[in-house]
Structures are given as C-alpha cells and as structure tokens.
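Pasting the structures here.
In the two complexes below, chain A is the common chain; its partner is chain B in one and chain C in the other.
And then the complex of A and B:
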C-alpha cells in the first residue's frame, strides 16, 4: 500500500502542517510565483513550472544577523543570534532539492561547520513536488536529475490523477506524515511505477545538452577568448546569482550605530563590480570578463574539483530571467564548441 | 522588422570593413524567438549571426558607458526609444557624439515576451503582423490577437517610431504617432487609493525586491561614474536587506532619475520579480510635467526641469 494525498485535501494538509510547523510555500504575487512564508493555505499554488526565488533563501538567507554587539564601559558584549523553529518548505522541485545537497557540502564539509545554515537545515522539513511537465528552460537531466528525483526531500509528492502519491524519505518526512496522517489515504498504488513515470519524462533541453568533460576542458580555458566574447553583454546585475539555487557567495558587514551594532552576513554576487574589491581599492576581477568567468568557472570547474559534482542543477532560472541570455546552457554549449588549443598548451 | 536583416548585415559589414566603427552592437539569436540578446560584432564575419525581429527590446546604447575610457568608435543599432536613451547619455555629457555611429532602426513596436509567452509557453515560431492584428505562429497552431495588447507598454505611447537622429537609417521611415495617449491612467488609479491600501501595495512590491540592481544597470538615466549604492564608505545603503533598505533603494533610484527618466521601461522589463517600477517613474514624470509645465517630461532636453536654478525662483528652499 502507498500513501496518497487526495487533491481535495491539499489545503487541509497544509493547515495540519501549520499546527506544528511554520510554512514556506509557493504563492502567486503580482504575476510571479515566489516561495515565501505564508499562513494562508488558500494562497498556496501548485501550478508553476518553478518558483522565481529558490529554497536556498530559507537556509542561507540573503541577510543573516549573526550577532549583536554593544560596547559598555570599555567592554564589548556579544549576543549571538540563533534561529529557532520548526519549518516546512512545501513544493520544492527536484532541481531545487538537488541544489540543497550541493550547498550542504559547502557549509558542512571540511574543518568548519556553518552552524547558522545547519540549524535551519536540521529544523526544516522539505516537501518535494515532482514535475509533470518540464518546461523549455529545464535541463535537470544534464546533471543527472530527473523530473521525479526525490534526493534532497524529506517527503516527496508525485502528482498522479486526482492527488499526490506520497513517498516518505527521512525521519523528518515521517514526522510530517504522522502530523498529517488523517489526510493520507492508503491506496493500492505502485510507488515504483509512479516514480518511474516521472523519471522517464522527456526534458527536451537537458536530454540534448551534455556536460561531459566540460570541467576538464575548462582547466585549460582560464585565458580562453570565450570570456571576452561572452562578457560584454552582461549587465553586471545579480539576477543570475541571486535566483540561482546553488550560488552561495557572501560578504560580511558590520552595521554600527553609536556604541552598538550587528554583524550581517549578506549574499554577494560575483557579477557586481565591488565583488572582492579590497580595502585598498584593488580589485582582482576588475572587468566583466573576470566576473563572468568567475561565475561559470566556479560552477563548472572549481566546485567540481572540490566536491566532484557540477554546481548547477538545471533549474533554468538563468535562462528564464537573465535579460541578456548569459546562461548556463549558452556557456556549456560555448565550451563544448570551443577549440582545445589552450588545453593542449597546458597539458 | 526582420525584413531589414539583410540590409543590416550589409551595413554593419561595411562599417566594420572600412573602419568607420571599431565594433558594432546589435542583436543575435537567443534561447528562443522571443529572446534575442545583445551582440558585439568585432569583424565583418560576425554579421552572419546578426538577428532581428520584433522582440529586440534591449536598449543597446547603455553599453556605451563600458567604453568611455578608450577611443574606439562604437556603432550601435538604435530604435526611437534607444535613441532617447542615447540622448540622455549625451545630454548628461557621459558619451561623446563623435565616438558613436548610430544606425537608426524605424520601429512600430516591440512585443512583450512575457505576454506572448503566456499564450505560447513554448514553441513560438514567428510573429506575423497584419494591420492591427498579429498572428502568433507556434508549434501547436496559430493564434490571432490584437497587436496593441501584446506590445511592451512603452510602445503604446511611443512618440518616436523613427529615431530622432542617426548617422544612417535602416530602410524607410515608418508612419509616426503613438498608438495611445499617455494619460498616466495607471498612476491616477493608484493616486485614488486610500493611503493604507497604497502602502500595502508598495510594501508587497519592495519586500519582493532582491536588490539585484538589474533596474539600475539597464537604466540610461542611471549613468553615474560610481553609483552611491556601490560605495562602501560611507555606506549610503546597508548591505542587509529589509523593507527599510529596499525602500531607501527604490526611492533614491526613482528620485535620482526623476526628470531624467526617458520612459523606456527597461527597469520594469528586466525586473525578475515584476516590481512595477514604471508606476514610480511615471508618477514623478507626471508631477514634474504638471509642476514645471513640461509638456513631455520623458524627452531629454538641455535644460532639465530639475537640473537648473533661477535667481528668481519663488521657492526660497527653506
């Protein structure tokens, strides 16, 4: 037997969820679907290709207040801020589920664990939503993700007929299933068959785009003319990096008023002109060329060397939103097509 | 518009070959029919990849700011709206006329990609114009729609179907005249709301803002050498995001381009989260028009309504 959430009970599912968790879910607002905290199950939608903003916002927020400090009588008192609560993020697509696993490694592996991020991860239950109809900007399959991949979810929903077939993947998912158990029906559905159907869905763009060998090729392309060719049209805005579910660069800043202040950790974008500008004014990435190169080298080469995977899940947000088409797909195609002269020189 | 492509190719190839320009900025094909993207051509061979259709929205003249330091002559393709943007840069003394070679492009309107994609989420093959109607030809069939409803907002009130000036015009001039009067109806509608309602509306918009600065970066009136938002010391705007900071950003941006906004609407077009920035810009244009008796607040002039002072000014600034 497999658990199924009937379509008509979705709102109740969200309502029961909210008895124990705060809810973050896709909401349509002024023509865009954004992921945001909501207390209104009626406002939650499921008819979106993907949300404009990604779930990373709720683990690695754009602005993290790390601690407050106050100077009193020559001493500085530091008051750490910790995130508390139990949260459910509803409706996360497979590409975005995959992105969480990629960011996890940055904040979890190595010498230091990033406690702010991990506190949110531990206390958040992620409800995935498989994709019934991948769109023209989707290319998850390029990176080994499918419209039915549940990796990264605690509880996965597969739209099927008049409801959602439920797959519980973790203890957190199990807890949520228990919280909402009166709404989940046991039905004679073959979960493996349903999953197989989603995994086999065509993703036209992704099925034809290969990233094989791109990282190795880029080893020799740091000085390749492709960057000077691609970068002039970049606007230098932060759309790509801020909407990207895997970008995770940040800067630290103290906001001080009088004798007290707060230390913030804020998103930064490698596409901004002041990214990595030093205190003395030197900027190692002075023009768009170096900044555009940084974005794609980070995703297609540096991260691969460090963690063995590409830092992209084919969500297609850069295709949908970059005003000048400086997209992951365009760059991968460029790299695939470019001459290997530099590779030969370096080898 | 695409019927002018072969003439554009010939023209650009010639300009590059005879070194009239050092490079040329036009359009190339993007991910789909509805998303042409900017294209920087450095040799005549590049013209084979030129692209032109009625989705070529980007104002290319803003890129001229990237080449201030050199001495290249930059060729740029400009529609009427783009020319107004160029005029903005020239009026603000940011770009030298002698370093720009303008190829003017007569234009009867650019389609709004978002509106067209609502009808054809995928597989738009071409757009065929038939008088007041347009046929959106997709893989799944045709759809005949009123042309006006699918144009970018700026195109409806556009007074410049032909660029005001150019070094060379592509094809023949087209009949001029806006499709609709600029009556600021969307601004008037907002003005009639109760203050609390308006407050909620704008709060929702600004809370959605990502501070990606795409609106600033495409804006031809945002042409400062160093933007105050990029200065670390003093920090005019906090790095942290909050409703306060977002409002600070948007009001500063809007007030800074007040009286200089050319009404191109590029800010609103590129905003990834649909913030209706033109409502702010138009409110200011409307008020400036009324307060300073400027008939066309969005047309750059040497004597700016907010960029001058008079000894006999009745306002004592106290």
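And then the complex of A and C:
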C-alpha cells in the first residue's frame, strides 16, 4: 500500500503542517511564483514550472546576523546568533532539491562546519514536488537528475490523477507524515511505477545536452580563448549567482552603532571585482574574463575535483534571467564544441 | 571556544612594536581573554589567524610568533586598508577578536637535517619569522641556515633586532640584508633580493628554500633559485589571497580547486605548478 494525499486535502495537509511547523511555500504574486513564508494554505499553489528564487534563500539568506558584540568598560562581549525554528518548505522541485545536497557538502565537509546554514537545514523539513511537465529551460537530466528525483527531499509528492503519491525519505519526512497522517490515504498504488513515469519524462534541453567529460576537458581549458570570447557581454550584475540554487559565496560586514554592533553574513558574488581585490590593490581576477571563467570553472571543474559532482542541477534560472544570455548551457556547448573543433584541426 | 568557527574570541593587545621608520608596519602581541584559550591555543609555523576589529571587520594575518615560545601570539601588520588602518589605531590594552589558527604549515619534519635558505622581502618576512625562530629554537635539528632579506629602504626593514642582533648569534646562521635604495647611514648591500640571492648562491645540495614577499619578488626569486639548481620540490612559498571566512566556505581565495585558507597558504613550487596561474 502507498500513501496518497488527495488533491482536495492539500489545504488541510498544509494546515496540519502549520500546527507544528512554520511554512514556506510557493505563492503567486504579481504574476510570478515565489517561495515565501505563508500562514494561508489557500494562497499556496502547485501549478508552476519553478519558483523565481530557489529554496537556498531559506537556508542561506541574503543577509543574516552572525553575532552581536558589545564594548563595555574595556571588555568585549560577543553573543552568537543561533537560528531557532522548525520549518517546512513545501513544493521544492527536483533540481532545487539536488542543489541543497550540493551546498550541504560545502558547508558540512572538511575540517570546519558552517553552523548557520546547517542549523537551518537540521530544523527544516523539505517537501519535494515532482515535475509533471518540464519547461523549455529545464536541463536537470544533463546532471543525472530527473523530473521525479527525490534526492534532497524529506518527503516527496508525485502528482498523480486527483492527488499526490507520497514517498517518505527521511526521519524528518516520517515526522511530517505522522503529523498529517489523518489526511494520507493508503491506496493500492505502485510507487515504483509512478516514480518511473516521472523519471522517464522528456526534458528536451537536458536530454540533448551532455556534460560527459566536460570536467576533464576543462582541466586543460583554463587558458582557452572561450573565456575571452564569452565574457565581454557579461554585465557583471551577479544575477546568475543570486538566482543560482547552488551558488553559495558570501562576505561579512560589520554594522555598528555606538558601543554595540553586529556582524552580518551577506551573499557575495564571484562576478564582482571587489570579491577578490585585496587591501593594497592586487586582484587575481581583475577582469570579466577571469571572473566569468571562475564561475564556470568552479561549477564544472573545481567543485568536481573536490566533491565528485557538478555544481549545477539544470534548474534553468540562468537561462531565463541572464540579461545577456551567458548561461551554463552555452558554456557546456562551447566546451563540448571546442573538443570537436580541436580534433578537426588535428586531423 | 565556540563550536561555531566564525565567531571571534575576545583578546587583548599587550604590546605594540613599530617595526619601520614610517610606522607602517607594527607588530601586535595578543593574548586571549579566556584563560583556557590563552593556555590551550596551539598552532604551527606558517598558519594564520583572523583578526577582528569589532565594528570595522576582519583580516587574515599570518602568525609571526613561534609555537616554541608560548604564552602569546604576535602579528606583524602592514597598514594597507580598512581593517589594518583600524588596527594601527589600537593601543596596548585594547580589545580585538581572534579566531583560528587556519591553514596548513611549513613542513618542519621534511626540513629536519636540511640546510635552510630563507628568502624574504618586505613584510613577507613575517610568516618566515615564525619558522626561523622555530628552527633556531631547535637549532641542532637543522643544517646551515641562510637568511636573505630585503626591503625598499633601510627605513622599511622589519624585525631589525632579530636580523642584526639575535639571529646571527646562532651557530652556523648567516643573515644577509639588502635594500633597494640606501640612505646616508646605510653601509650594507644595495640591490634587489633576487640578484643578491644569486650572489650569495647557497648550494641547493641537501637544501630547502623558503620564500615570501611581494608577488613580483617571489616570481624572480623562483627564477633565481631555478638558475642556482634548486628543483621545484625544494622550494616552498606561502601565499596571500583575499580571505573572509578562513574555513574554506566563502568561496573567494581559491586558486583552481585549492582554497588558500585551508589547503594553503604554504605550497611547494611543484604544487603551484599544478595550479592555474591566477594569484
């Protein structure tokens, strides 16, 4: 038997969720669907390709307070900020689920843990929503993700007929299923068959874009002319890094008033010249060429060396939102293409 | 210490030494306020720490004291920007924040029994000073020590007491100091570090060379060392990049797939050869 949430009980599911958790969910506003905190189950929608911004914002906010400090009588008191909450993020698409797992590695692995992100991750239950109709900018399958991939979710919903087939993936997912158990019906549905249907859905762009061998090829492409060719049209606006569900670079800044202040952790972007400019003026990435190269090398080569995966999940936000069309897809195509051209020249 | 590696620990500046004629380099002696940290903080030569001026910001500075002389940490800081300007305003007794230590260290084990050649320029002597004093505190474990150092002018030389008084007193330890341009009082050699290094010409046999200084000096020192017969695995350097988190997360100090804050700052030249030329 498989648990199914009937379409008609979705609002009740969200209501019951809110008894124990705060809710972040897709809401339609001024013609766009955004993920935002909401207390109104009626406002939550499920008919979107993807949310404008990604769920990363709720684990790695644009600005957050790291600690406050106070200078008193020749002493400094530092008081760490810790995130308190218990939250459900509802309706996360497979590409964005996958991106959380990619950021997890950065903040979790190695000698040090980044505790601000991890506190939010630990206390947030992620409800995934499989994609019924991938869009023209989707290319998750390039990175081995499918419209039905649940990896990264605690509880996954697969739209099926007049409801959602439910798959519980983690203890956090199990706790949410218990919280909402009166609404989940046991039905004679073959979960594997339903999942298989989503996994097999066509993703036109992704199905024709291969990333096989791209990381290895890029090992030898640091000095390749492709970066000088692509970068002049970049505006350096950083929108790709802000909307990207896997970009996670940050900076820190102090705000002070009198004897007390706070240190804030804020998003930063490798597309800004300040990002690597040192006091004294030296900048190892002085032009757009180096900065554009850094972004794509990080995602398609450096991260692969460190963690064995590509740092992209094919969500398509850069395709949709880059004002000058300088996107992951173009770069992968250029890299793929540069190889064949070289072979042709050699022959 | 907090489980959160990003939160600095309060510490007190106990001594400030102005190193240069213009006062643009000062050495700050710092002690943690928390007695358990003051006692328990350990580090290795070559590592760095994040210094906070609360309300201004943080900067990564190499630890210039040596773990062989515990009880305090020392940082030599050149006044070059927002945070270092604020540090230079500080007085003895002032509070700062400190977190670390970060990064890898000089490979002391590999250097044992070897002849050591230290080549420094300007404030680049700061990370080398930790290593030099570490070596000299265990003098018997190493071979001949040559210290070759240069600065723009006699006024710009740092650690003068050690260069001219302390270090030459150690057995088989030779200190050579040059300046780009002398003044009326300067009786020593005048000229850039790389040609001076070639003139002294310490033998590469059984030797390890460690260099730190301005990027352009390092570039020419590496060429000189190669000319003198040093192989890439015999040369060690320590790099500087803009850093903010210090723990390999914030994403800005990478050279290729290596993060200077956690994988460096110490690299051998053969390791650097494998990385893109972007530092």
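Definition applied: the second predicted complex is superposed on the first by the 338 of 347 C-alpha atoms of A that agree within 3 Å, B and C clash if a C-alpha of one lies under 4 Å from a C-alpha of the other, contacts with A are read in each partner's own complex, and residues count from 1 in each chain.
In this text, a contact is a pair of C-beta atoms (placed from the backbone, for glycine too) under 8 Å apart; a residue touches a chain by one contact, two chains touch by 3 or more.
Owing to the predicted nature of the structure, the values given are computational and were not obtained by experimental measurement.
Asks: With the two complexes overlaid on their shared chain, look at chain A and say whether chain B and chain C clash or fit.
Replies: Superposition check on chain A shows chain B and chain C fit without a clash.
Asks: When the two structures are overlaid on chain A, which partner does A:308 contact: first (chain B), second (chain C), both, or neither?
Replies: neither
Asks: Name the contact category of A:327: first (chain B only), second (chain C only), both, or neither.
Replies: First partner only.
Asks: Name the contact category of A:30: first (chain B only), second (chain C only), both, or neither.
Replies: Touch status of A:30: first partner only.
Asks: Who does A:115 touch here: chain B (first), chain C (second), both, or neither?
Replies: So A:115 only meets chain C here.
Asks: Applying the touch criterion given at the start, work out whether A:233 contacts chain B, chain C, both or neither, answering first, second, both or neither.
Replies: The answer is first: A:233 touches chain B but not chain C.
Asks: So in the superposed three-chain picture, is A:251 touching just chain B, just chain C, both, or none of them (first/second/both/neither)?
Replies: The answer is both, since A:251 touches chain B and chain C.
Asks: Output check: A:62 vs chain B and chain C. Expected answer is one of first, second, both, neither. What do you get?
Replies: After superposition on chain A, A:62 lies in contact with chain B alone.
Asks: Look across chain B and chain C in the superposition and give the shortest C-alpha distance you find, in Å.
Replies: 7
Asks: Take the contacts of chain A with chain B and those with chain C, and give the residues found in both.
Replies: Residues common to the chain A contacts of chain C and of chain B are 251, 253, 277, listed in rising order.
Asks: For chain B, which residues count as touching chain A in their complex?
Replies: 30-32, 35, 37-40, 58, 63, 66, 114, 121-123, 204-205, 208, 210-214, 216-218, 230, 232, 235, 238-242, 269-270, 272-276
Asks: For chain A, which residues are in contact with chain C within the complex?
Replies: It comes out as residues 66-67, 69, 71, 74-78, 80, 106-107, 110-116, 222, 248-254, 256, 261, 265, 268, 270, 275-280, 282, 284-285, 290, 294, 297-298, 301-303, 305-306.
Asks: For chain C, which residues count as touching chain A in their complex?
Replies: It is residues 2-10, 33, 54-59, 80-84, 93, 95, 97, 215, 240-242, 244-245, 247-257, 262, 276, 278-279 of chain C that touch chain A.
Asks: Enumerate the contact residues on chain A facing chain B in the complex.
Replies: By the definition above, chain A touches chain B via 29-32, 34, 52-53, 62-63, 65, 135-137, 229, 232-233, 235-239, 242-243, 251, 253, 255, 264, 266, 269, 272-274, 277, 288, 319, 321, 323-327, 329-330.
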